[in-house]
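Next come two complexes built around chain A: one with chain B, the other with chain C.
== the complex of A and B ==
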């Protein structure tokens, strides 16, 4: 078996100060070139997990478990610093809001050449650097990349800005791209264009992608494997191709049942009763048990199983539903 | 057949450049919308298409520059003060953001009861309180939660409160401006179920503003598709959203996941 690009083993994330454990015991691995999805409702811990793992979250820390990237295990001491080193080089990041992630006072070109300088030590004013920046702008589908190079972010629409953010990440030639709800702020038509372009370019370059979203249908159609988080617990890792063909994890199933996707009638939609559990549920029992239609006493009493070996397919269901085939 | 409840004819409105971000001026033009009693009419469009402006015109929260708006056979531009007051109990709105649309310093019962106090003063305090409890129950909240404040409720529960508040004055028309958009998927389905229940039980006339093609297809009888301040297509929701005739509608449908 090949070494996974990113591997999390029993990762627990806690708040600084109160030490409250928000995300507990997450194990997953992403292979080279894989498109991996993370789905969860608000408060599920999906953003907290990725932001902490890559050292972007100031108010949380890695309270347990190990994170390995390209075969190297990151130290628990000084974790944040070590994780931040990966960013802007081996790991690219595309945040949610393209209106606040670009520097409004810097020309687009400069923001890309800066990334080239920081990641690859290319001289900021070199002709080759400039050409590389223009090339990457063209690659993400910006019309007239040479003109765009000299323009400011506010001269672009949301979709174009998100492409520019993507271009900055792409310029560094990372091995892994993290995209946290990259299209939530965009319109439907723009959303599909940006997602398809992003995944296509990453696949061409053999880059792995972690796509975080609350849009289940988008993920099902876009990614190879999907991790489902709920209440700060990892509930399910499933191959998207398998979804709909055999038994899946109860929460994943319930999520698919409640979205009004194409071809569904009103009768097909089954709402999940109750309110979503926030992150920080812990490991005593399944966070979803109170809303689950299959729940039995064991679901509240037993500890939730962990994906300690970071296997490719996983179900945390205490009733064993959705076990990999 | 009775006259339509809402009839917008060639309504237009333009905004100055200064009002808008990105220095783009925006115009709404040639808006013809008819809503008959008992119908659920969808207005579908992406952000910036002008659909919320249409909602605000229908509820008279904003003015229009040209065209006419006839509500229940009477042109609203000729309304007397008393008619304007009456209109407010006939047409109610549910907004997108349940965190912003409820006054945080007012208890839930007072928020819901305020309209009843104004428009049905004959009910008195006890009658009003009974109405509020009944409304809370109808939207799926505990009837005795009225003395609590909005902050004690989740987003989905707040949207239920906003719906109860809108229904309190027994409106003829309910305008819903993206009522599901700011909710989590599992909660969206719950509130969607509530809408379906209300449509079936109360035979409400609803204008449902949304960018979600699937939700519109599921609950609306007819739909108007808006793009850049114009209506590009209209018709029976199921027909338009399965066999679009307009090029934009087609692109929109193709993009939906």
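== the complex of A and C ==
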């Protein structure tokens, strides 16, 4: 579990045209078969980071840093093209919104056989391909997969569509699956079930997963390690087991403190005061300082430390809070 | 075909479907059914009123009007089909290309289409008639030449909308190539809008061809094109009303039917309430 599959070092992402830096100096690594979480509020840059790293975002580019996948460093020149080559085979995405992420004019089966063709060059109309598609539909818990194969997306409920969207990604058998808020469109119970099913199937296949969410509680229950993004800065890479037990990064702590849960009294639940900073804060000072209850003058004046070594247990806190013991 | 029938919600729409089907059958098999040679001149039997022998009478040169109508259906509809197929294919290609490439190329192509639309088709047809000689081919060329920007603009607009939908982002993440994206993602999703436009344009183009033939820059007089038949018959209106009425009624019925069907399709395939 120590071989890095994806490694980002000092990754900086900027807008095309204005060159405004939206995400600055992110360093992290995901091992083979690991389930890794990325948490952050809306606009913290978590979606932008993954989409740009894999060449899916048209309006941003990789302005600095290095990205390595499976031991190979992607070139900065022609980065988008090189990154996109990883899609449809090595890297898969589970999209955010299952209602609009399926082509309404293609049968569910066709969308899976197309994915199989793209990843494994299986003939789109072959019997084996058809069977593989039906198998993967069964694997994600679709009742009557043979029937589902012939149906159109709008004949399914949201939960079922999310499973279909997952089945399409799963069919390509990627080494890394990126699930960006895969369940926000679903109700709480379906959400839990779909996530559990998804992670279970990925673990069985030895796939690494990056689970992106604004929901810390959801991540805490499903991943071992998570990266905390705020204002386009990487603030913390924490073991989820430590959250709520040890001294942790102030922002991670603040996120945890707003979650109501068993054993917490009303006084324990604290909303984070102030407004969230958007992405693009840069590195001059801590983006969270204005809302942090531990903040000191140094937090605004100093540059934020970088996780250049992409190590585990990183904290960007200028007061050193959350550093591993 | 049976799907079309289930779309019909009123008797007018059902009638329109039947008329359209009959006209298409007429265009396909009319030549076989024609009782007389549509071009055969016989001055002994000119301007005969409808009778058991000549069901729709004869025209000023003694040609059988029914035979001319049946053969003319093919001429009129085939010309319309040629114009539509060429114009829709070319227009769609330009529109999709423009939307996919985007940026300055997109802007340039669309402004070109705007300027192009400024040319009135009638004037263009007169120009073509002057250059190529007045003929049905000249009229077809003129319409092809002036009609494509409509499709380019429509397709471009629809494609831009489709490209912004999330399933395109998902397709990108799966590694779907440009060709597959066009044929499996863009065209099927644009189909609803395009088929409505095509149906409405059948009547528009048919009217344009007949209109051009009527004023003399399209099909020339011995040809049994419906518009040309009206032009030919207008000098006999006083004593041979059937010569003008028969093709006039056919043009009216056909155009009217395809218009009704177009409106029906627009209602049923409205992209804002897409359902299967």
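The rule is simple: the second predicted complex is superposed on the first by the 320 of 325 C-alpha atoms of A that agree within 3 Å, B and C clash if a C-alpha of one lies under 4 Å from a C-alpha of the other, contacts with A are read in each partner's own complex, and residues count from 1 in each chain.
FYI, a contact is a pair of C-beta atoms (placed from the backbone, for glycine too) under 8 Å apart; a residue touches a chain by one contact, two chains touch by 3 or more.
This one's a predicted model, so the numbers in the text were calculated from it and none came from an experiment.
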{"item": "Partner chain in contact with A:97 - chain B first, chain C second, else both or neither", "value": "second"}
{"item": "Touching partner for A:261 - first (chain B), second (chain C), both, neither", "value": "first"}
{"item": "First, second, both or neither for A:154, with chain B first and chain C second", "value": "both"}
{"item": "Chain B and chain C footprints on chain A, overlapping residues", "value": "154"}
{"item": "Sites on chain C touched by chain A in the complex", "value": "165-167, 169-176, 180, 184-185, 188-189, 191, 274-276"}
{"item": "List of chain B residues in touch with chain A within their complex", "value": "22, 46-47, 154, 156-157, 184-190, 192-193, 196, 211-215, 217-219, 251-252, 254-257"}
{"item": "Interface residues, chain A side, partner chain C - complex", "value": "54, 56, 84, 87-89, 92-93, 95-97, 100-106, 114-115, 118-119, 152, 154-155, 165, 168-169, 172"}
{"item": "Parts of chain A lying in touch with chain B, wherever the complex brings them together", "value": "41-42, 154, 157, 187-189, 191-193, 214-218, 221, 254-255, 258-262, 264-266, 269-273, 275-276, 291"}
